[in-house]
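To keep things simple, chains are lettered A, B, C and D as they appear, and every chain counts its residues starting from 1.
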Amino acid sequence: MPPEQTAAPNTRLEVIGIEAAYGSLQVLWRVDLQVGKGETIVLLGANGAGKTTFLKALLGLVRVTGGTIRFDGENLTRLRTDQRVRRGLAFMSEIAVFQALSIEENIRIGAQTLDAKRARARAEELYAIFPVLREKRRAAASSLSGGQRKMLGIAKALAADPQLLIMDEPSAGLSPLFVREVVKTLSDLRGHGLSLLIAEQNVSFLDIADRIFVLEGGRIGFAGLVSELRQNDALARAYFGLK
Amino acid sequence: MLSRRLLRDAAFIVVPVIAVMAILPSVYSNHLLLFNFVVFLTLAQGVNILYGFTGYLPFGYVGFFGAGAYGFSIAVLHLKAPPLAALIAAGAAAGALGLLLAPLLRLSGAYFSIANLAASLAVLQIISNPNLEDITRGPYGISLSGVFNPTLAYAMALAILAATLLFVAYLRSSNFGLALQAIRENLFSASMAGIDVVRARMIAWLACALVAGFTGGVFAWYVSVFFPETVFGAEFSIFAIVFALFGGTSTLLGPIVGVVILYGVYNLIGVSAPQYFQLIYGFLIMALVLFLPNGLTSLLQRRGIDVP
Amino acid sequence: MLIYTLFAGILFGLYFSLVGLGLNLVFGVMRIVNLAHGDFLMLGAYLAFWLYTLSEVNPVAVIPLAFVLFVLIGLPLYYILVPRLLAAKDPEMLSIILFFGLSQVIEAVAGIVFGRSERSIPGGELGRALAGFVNLFPGANMESGPVEILGQTFPAAWVVAGIASLLAVLCVYLYLYRTRLGALTRAVMADREEALSTGIDTHRVSAIAFAIGIALAAIGGVFAPFMLGSITPAMGVEATVTSFAVIVIGSLGNPLGTVLGGIIYGVSYMLMQSYLSSWANLLPYLLLIAILLVRPSGLLGRQVRLA
Amino acid sequence: MSPEKAPLLTVNNLVKRFGGFRALDGLTLSIAPGEVLGLVGPNGSGKTTCINVISGLYPADGGEVLFEGKDISGTKSHHLVHLGINRTFQVPKPFLALTTRENIEVAIAYGNHPQGLTDAQPLLDSLNLTKIADRRAAELNSAQQKMLDLARALATGPRLLLVDELAAGLNPGELEWVGGKLKELARTNMAIIVVEHLMGFIEQVTDRVIVLNAGKEIFEGKLTEAVRVPQVIEVFLGGAHAA
């Protein structure tokens, strides 16, 4: 059963039939996806399935060749990235942080859309969630361990107090122990109206997913609940390649 | 199949160009202008060899030209060499400079260009230094009136042009040319195709240097009186690069078209009002980069036409 | 003699830092080479020259005017040229050609407007400014003229240029490290793609950096008549190559590395002038090539080599 | 490894550092002619680095690489190609301005194929590239670029082929087809090392796998056995979803 296709009142992000291409190379074919308020969506897919391109298209980092992106009812498709971020989207890339800058600066830059007072208050809230970052606030981000860097990436992305946090492979380059820590952090962040859209290969993230989308060769191959997915071979095909 | 392309290019482009430039002096009296046309036709192809096929843009290309001019002059003045032998010295001087500067090829794009520009300015500073007056005549310039022979010099310039055009035609039709383009496109894949990247790049670099060196030598011979600033003038590099880019590099025809159009325009308006020409020229370069970065021939190539 | 040379080298070094600073800021933020950098310096020099000749404006007073004027020129120029350039396949390479074209345009216009002859401003003007400033303090009584430091006498112009350059570098430091826009600028320098992902309006940040870069060149130009000799419309190329040498010695893309590069350059320049003067003009070129080949990332780091 | 054949390639105690990071930390492996070896492991475990060192892209910082018993450390890439080693790239790097056919022709011209290959046509045919032979490589899609990358490698007649993430971005049909292709090549006595994320593909083509973690081998043997080793499961799936 596909999820509801029309924008329900609690829909935050609605993607209708977007397509993207690099030159003559088409990467996405009519991709539909919705994220509700406070909902957590995990987007699964193998390397090269188009996950990163899709996320970048949502942020306006890749130009779409067709389709519409709505956020809280507003059409974002023609807006620049910074304008989309001001509307309440946040993106955590695989790189996630500015390595050369300090932790404090990373968070301040993440909060660039807020006024100075709110930005400071927001930083304090984030330090409360990630105490390790407060300890090392003056150190360069490059001095952090891989897991701490992801925490900083999350803090940076949350600094502007977004409604939707879009993440590209938060598990990339992390050992299983840190992956569990990231999953736990995200699990704690859920609710409070924050929506999450997480592109992943690591199945650990299924634990916190409300719904799953699977990208296969630039097309949505499956959309539904985790329980439905377990009976479907789409996951097996997309992720493990097992038949 | 590949060599048929070489024959076709030779027959339909190289032979007609040489023939026209050979006949023109008998019907048009401004021989210096025609000579300069031959010089720029050759230099633009020299730039084409390097930039069009390997992606290195020689911003200080004139260094080889000047080295050739001085190699020729020093051979004539100090070794009393006959002009044809002195031309060999011109090539040798440019080749030696090329070898000396070969380490610059390790630099990537923009840094190579800037370093090459600095190198050409350094050579100018050295040659025009008063301390070297005994060898180079320093800043006071060279006079070669003893070997003055514009007719023979013009003929030699044509021969150099013909050789250069044939070399470019060869690059366009040979595996070696493909290998150079492969290096330009991707260094790692090129070495995984079995290409000795360092060696191939070096050959293109030296060929490019020799073309300018011989041309510089024949230029010295033709004008016979010149100053360091004459043969190291930045406009030689700039004109050669812009002509080649304007027409379209990695083709045989592009640089020729670029020289005919732009150097033609230069001689219509540039000689009488140089600063206005510089202005137009500057705008033209900017427009080229912003709107037609692959040159005139790319307009045809976009329509699927194979430009020789 | 040696002390004199070293101290003069540091004064020149500070000035060369200012000359290269804008080029490095533009490179650091946009990864493009502004080959017209020296031509903006030339324009700044002519601005100072004409204001002095027409209404005896002291060159020091021209500095704020040059800054504002060239920021205002730089902003639209950025939006005309750079976004299109950055979208191309190889912006770094194409930038050289594009800005070379711009350099030709500026040089041609300057030649048409100002004429080709060499111009200069009397060196005493900066001394007057220095004395005037020092005498603002109660009890100070300074003659305008050469300045004596460590028992050596230096032209006042050098001292003023050195101090002004130091102040300019300091202002850039404060901008980058103490302001919000500066932090965003460093974010773009650190990783343009990540900056875009974070929602920074990278074009706005870059446009401001570009305009500041050009304005710094123009301020450097105000002192050019005293530090680089007489001014001509064609002086831009040499100034660009010098700037490039300075920033390559320091570190490409790291504006504060420029100070190190400038001082090394200035001191070696003065040493050459004192002990090997006929070869001094070779210095920028040889230093540039040597550093690129031996330590291509500059003394403070960034990879520019292929294989 | 199969005891009856002498190894074609032996890697002993290989170390590769990037700054302070040990991408390869004493890796040892060997492969015989006709064998297909899989290198698997999480992101950053050193798989691609291993291929890059063997193919001469980077020098090793320690250990030795023996090809037919001769130490080939420090040998330039094009010499390795002439000795009989070639590879594909994770992100294909064809010569974009050249046509498909020219891409292969240049490798034929410079690759010193031991059987004296002179014509690109058989390779074009065998990798389904004939239809696009005269198109510029820039116009090919990513699957076609991958096949071209493989064709470029095969044009030099390698006896050892290193395949870096060939499967990513291919659809299941293409996957099965290219898997068959690799097995066919192995039957001609070619040794093949496959780096891959897709376990199904690894299962289809390899005789044996080595599981890497943090630049070290943690398992060697059949894939079906690997999935029963707790340490491997830990590394791969973060423990939670081992079943």
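Note that in this section a residue touches a chain if its C-beta (ideal position, glycine included) is under 8 Å from a C-beta of that chain, and two chains touch if they have at least 3 such contacts.
Just so it is clear, the structure is predicted and the values come from calculations on it, not from any experiment.
When the partners of subunit A are compared with those of subunit C, no chain appears in both lists.
Common neighbours of subunit A and subunit D (chains touching each): not present.
Each chain gets a centre from the mean of its Cα atoms; the one farthest from the centre of subunit D is C. Two chains share more touching C-beta pairs than any other pair, namely B-C. Averaged Cα coordinates give subunit B a centre that lies 43 Å from the centre of subunit D. The distance from the centre of subunit A to the centre of subunit B, with each centre set as the mean of the Cα atoms, comes to 53 Å. With each centre defined as the average position of its C-alpha atoms, the distance from subunit B to subunit C rounds to 33 Å.
Annotation for subunit B: residues touching 2 or more other chains are 197. Touching pairs of chains, sorted by label, consist of A-C, A-D, B-C, B-D.
Here subunit C touches subunit B in the complex through residues 33, 81, 84-85, 88-90, 92-98, 100-109, 111-112, 237, 241, 244-245, 278-279, 281-282, 284-286, 288-289, 292-293, 296, 304-307, going by the rule given at the top.
Chain contact summary for the complex, subunit B toward subunit D: residues 175, 178-179, 181-182, 184-186, 188-197, 250.
Within the complex, the subunit A residues that touch subunit C are 59, 61, 80-82, 84-86, 89-91, 93, 95-101, 105, 108-110, 112-113, 116, 156-157, 160. Every residue of subunit C that touches subunit A in the complex is listed here, in rising order: 180, 183-184, 186-187, 189-191, 193-202. Every residue of subunit D that touches subunit A in the complex is listed here, in rising order: 42-44, 138-142, 165, 167-169, 171-172, 175, 197-201, 203, 234-235, 237-241.
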